[in-house]
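Listed after this line are the structures, all set down as structure tokens.
The two complexes that follow have subunit A in common; it is paired with subunit B in the first and with subunit C in the second.
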Partner chain A sequence: MLNLVPHLVNGLTLGLLFALIALGFTLIVGVMEVINLAHGSLFALGAYFALSTIGGDWFAGTGFGVWWQGLPLWTRYVLALAIGPILAGAAGMVLEFCLRPAYGKAPLYGLLLTFGAALVIEELIRLGWGTGEQHLEVPQAINGAFFMGGLIFSKYKFFAAGFAILAILAVWLLLERTPYGAVIKAGAHDSEMVRALGYDLATLRLLVFGLGAALAGLAGVVMVPIWGLRPHVGIDVVIPAFLIIAIGGVGSFWGAVLASLLVGLAVGVTGAYAPAWATMSMYILLILILGLRARGLLGRKSALES
Partner chain B sequence: MITLSDLSAKGGSPVTWPMGLFLLGLATAPFWLAPIGLYQYLGIEIAIWILFAMGFNLLFGYMGLHSFGHGAYLGVGAYAFGLFQLHVGTSLWGGLLAAVLAATVAGAVVGLFLSHRRGIYFALLTIGFGQVFWFSAIKLHSVTGGEDGLLGIPRPPLELGFASVDLNDNAAFYWFVAALVALVVPLLWRLVNAPFGRVLQAIRQNELRARFIGYEVWRFKWATFTISAATAGLAGGLFAMAQESAYPDVMSLHQSGLIVMMVLVGGGLVSFWGPVLGVILYFIARDVLGGLTETWLLWYGLMFVVMVMVRPEGLAGLFHVLRPGKGRA
Partner chain C sequence: MARSTLTRRGLLGTTAAAGGLSVVNGPWRHNRVWAQATDKPIRIGLTSDASGQYANSGASDRRGMIMAIDEANARGGVLGRKVEHIHLDTETTPATGSRVAERMITREECGFLVGAVSSGVANAISQVAQKYGVIYMNTNSSSPSESGENCHRVKFVWDGNGTNFAKAAVKNSIDRFGKNWLLLTNDYVWGHETAASTRALLAEYGGEVADEILVPQGTRDFSAALLSIQQANPDVVAAAVGGDDQKALRQQVAQLGMGSKPAWINNQQDWPDVYGLPLDNLFGVFGTTWYYKLDLPGVAEFVQRYQAAYPDTSMRVPGNVFYNGYMATRELLAAIERAGTTNNIAVIKELEGLQMSAESRMQTYDAMIDPVTHQVQQTIYLATANSAPVDENDMFEILTESPPDAVRDTSADAACKLESYEDTPSFDA
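Moving on to the complex of A and B:
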């Protein structure tokens, strides 16, 4: 039993990271009823912007670039943690403009548009940053390993998991404890009434999409030191996000968090016994749960079903 | 926008001018492919993918069930063909039969899980199952050869009783593929213009109403999914012959997404013939744009995004706009 503990801990931290990935995805699904297949590409985009921020590539050779690269790593890392998501959010807003003709049509169009966008973003990344595997540096303080109860753990994983918890709480507070959250949720529930009350729905959608994309970018910056950075990392990411939304139930915040933890634990525990099949356990979990409950664990009826 | 059901129902004989044009193109392709700067093998690829895309459109365009994991059944067909050749015996019909049977069984089993699902949950589950097949193909190393796949799959000769045709020659193989396509496409045409096809469209338009009229909707979904998987299996068997190998890449989400793009760009939502246009456009784009730039997928993707935004009816939709009065609701 004891030798299962590190796998459970790994599974839980992985689950929290999955939740961070799924957070922006579920926000966009819940409010706009758009399955954003480009979520993974925005994730990658955020990470690549962070890479350039830390490396200072854009200003290499100029005086500013030299000064920038002289800054301590942790300063650049903290700035990357902000700049990556902001630029990913801006890209998300551009995508939202492209999505506008799809509103009010069958959900298929949103799905197809974002699939096309994912392809385009991935190719742009190949153009801008090359096709090889790259590495995002992290500050010394959160790098390396530590021992606890005779077991070895990675410091960075714990930092990332803690970060994920903070992000989940922040989004929950925004949705449940602020007037903005009330408007966002109302927009998901009854967009006509929200418009009748005088809120600008177009701006609301733009901001929510931007926020969702920024969360994807944030997940990218945090995850990539663990998973590695390559142009098609997006597709490795969008799949778990999907599964989690389907398992948790479309549009349910806590459903997504719960599903993330379940998926993380499934992967972690399978990894203990049959490492080669760890990823497979997610799909089995999806098929089992959707086989039993058509709308996932905590899902409600949604326009996406028709 | 126009949809398939706005087009007039055609009963009776599949002898129509698009069918004639299609068969004519199929029959004459070897003679004009080289003069216009293309090559024989491209004709084989296009013919195989037309088969796959038309079977897929039964599900996608006619029934409105959006499968994002259909590459799996092409892959199952390809592996079944390869395993048959390598372990059972070198036989053309045996291999193709194995390919179709394996894909049919896979489709029938997965279809049982899927046929009660709708909309986005259907799409998500097809992705889930597609990934299961893809992942299994990579991990079951001893059976499938892992990431490299099955290599050195032979192209068995076509035994006609009085003669034996060597299919290793691409020209001969093209004729074989074209003959199968010319056989299956009219069958699919007949199917979608039969009462069965009308029920599929009724389910797409209003599933609840179709159920109230007395159709057991899930059986139709299951049957359609299975037929479309079987067609994909046949295409997969031919694909294994064409490539002389079977590898997991065809089952990836990326490939499954590409078939959706091809069908949509061609206009599978508004026309039986849409997938044909889409497949041709994709392969020409791959070869022509791909010859000009490394990043041709960027341009193809941009074209796709613009198309979905402005003209989701696809290429076939343009034809209907050009012929007003016909097909407009």
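Moving on to the complex of A and C:
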């Protein structure tokens, strides 16, 4: 038992990071019923935009660039946390424009289009930033390690987990405590009625997709100091995100959060006692939960089940 | 309906004549002969990863092969024929490797295959290559089984393997850091075999394995493993973790400040996996076959040629992966030229036992292709992070250099059973 506690703590922090990754994915699936296979590429894109923001690549060789690079790392990092997601969100909006002809058609069209977009974004990253490994610098105050119970833990991982909690709360507040959230949820429930009430459904979809992409970008900025940054880093994101929304129940916000924590705990604890099964534990959890409850933990009951 | 003019006697006679000709002319399993016209280019299939765990290393590998091909063409080609290359992505996946090899041989008319980083992929490619008798250069995969139980007559292995690197590192590290070791192992063929070599050497030199943590391929979060390492408190962690997994591991170990205690022995460090990272990510001791700042004849000129060939590549200096890709391709083309033919058996005989001077390979000691295992026996260097780099590329400090005989994988001799020449289909490119 003595050895288990740090692994449980580790699993919970990992779960929060998974929740951050899945947040934008679940929003787009829940509201628009589009499985966005470009989620991972938008994750990577956000991180690369943050990299350029911190490094000052945008204005390299200019006097402003020199001034920018002289700014404290904290300032540049905070700006990167905003600029990376905003630009990833803008890229998501462009993708949403491309998706419009696929609305109302078989889901395969959207799936193929977002898959193609993922490949295009990854290649654009290679062209823009090169193929090699990059390093996203973080301020010293949140870097390094601290001791707890005689063991070393990463400061940054706890910072990232805390950031994930804030992001989860912010999205929840947006959805549950603002009129915009009410419209978004109504759009997910009955888009025709929302249109009949005078809301511009096209704009609503554009904004939701942009928000989902921005959340993917935000997750990228926060996660790459742990995972490392390379053009195909987004591949590592899509499968956990997909598993999490399936386990939590498609369209369920808290289902996704709960599923993330369960996946994190499963991976963390399996990693301690049967490390070879750590990755497999996610899939076993999926099979177990969907085997017992096909709609996921907090998913809506389908018409076929009633 | 026209009546057949073929009689029973005629049929028997024709069959006997054909049988007799095949005996006289042999080889009996001649797979395919392309027209030997001198204007027909020699096609080389580049079987390197462009996606998956070894995508970045695959790109470096490919650049090495292409530079060797371009240099050969600039000299007028090989046997007076232009050398062409075609690349298909092997996706760091053995099944794709098989499919790519099959396609390159049967549809793309490739006479030779070159390239690999993943041992699983290399093994898959070499099985297809052996089936057709196509010579295959395994440039960069370093599982001991590649020149052991998975060796083939058509396959030549150019990288040092896990045993070579472990031999260079284990004894020194037991003496220096302690005998209580923990193995951190990527859960696939290269990781397992490298760990097995390390175990055997630890047993031989008096070390102990406290535990082994298996890391699935594709692992991005190593915190559970790093917590377990802290709880086990070993003297040394011997890591056999490769590609993107290793990059994530390095980043997380650096964040925790665990790079100096326990001591880390990273079996081999591929240059593309660390190039551009901060130096604190480059902890521990690791093996390599080549470094761009070796103080040896030809190295500086080789670096200049690389920079001229690839002026836009973000990796500004060549590393070990590029070097192996280049050397394997250069020596293959030279062997074809010496053989005076593209016939596979003739070229294989040129390569087997080939002695390569230290100068020609820009290494400290002479190298040779072992005729028993088809592995290049070469200098193995141990390195660590350079605490006084002269520029941002100067990341390694070379600690030791071991001659080939000192790090020879002797177990491979017994494990490798090359197919006979007769059992290897004849093939002309």
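We adopt the following convention: the second predicted complex is superposed on the first by the 299 of 306 C-alpha atoms of A that agree within 3 Å, B and C clash if a C-alpha of one lies under 4 Å from a C-alpha of the other, contacts with A are read in each partner's own complex, and residues count from 1 in each chain.
Keep in mind that, in the parts below, contacts are C-beta pairs under 8 Å (C-beta built on N, C-alpha and C of every residue); 3 or more make two chains touch, one makes a residue touch a chain.
Since we're looking at a predicted model, the values are computed, not measured.
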| item | value |
| --- | --- |
| Simultaneous placement of subunit C and subunit B on subunit A, clash or fit | clash |
| Subunit B versus subunit C as contact partner of A:279, first or second or both or neither | both |
| Touching partner for A:120 - first (subunit B), second (subunit C), both, neither | first |
| Partner chain(s) touched by A:32 [first = subunit B, second = subunit C, both, neither] | neither |
| Which of subunit B and subunit C A:107 touches, first, second, both or neither | first |
| Touching partner for A:157 - first (subunit B), second (subunit C), both, neither | second |
| First, second, both or neither for A:243, with subunit B first and subunit C second | first |
| Partner chain(s) touched by A:135 [first = subunit B, second = subunit C, both, neither] | second |
| Shared subunit A contacts, counted only where both subunit B and subunit C touch the same residue | 276-277, 279-280 |
| Subunit A residues within the subunit B interface of the complex | 35, 98, 101-102, 105, 107-109, 111-113, 115-117, 119-120, 123-124, 126-127, 235, 239, 242-243, 245-246, 250, 276-277, 279-280, 283-284, 286-287, 290-291, 294-296, 302, 304-306 |
| Residue ranges of subunit B touching subunit A (in the complex, touch as defined) | 66, 113, 116-121, 123-125, 127-129, 131-132, 135-136, 139, 253-254, 257, 260-261, 264, 295, 297-298, 300-302, 304-305, 308-310, 312 |
| Residue ranges of subunit A touching subunit C (in the complex, touch as defined) | 3, 6-7, 10-11, 13-14, 17, 130-135, 143-145, 151-157, 225-228, 230, 232, 236, 267-272, 275-280 |
| Subunit A partner contacts - residues on subunit C that touch it in the complex | 51-52, 55-56, 59, 187, 213-216, 218-221, 223-228, 230-231, 244, 247-248, 250-252, 255-258, 272-278, 281, 314-315 |
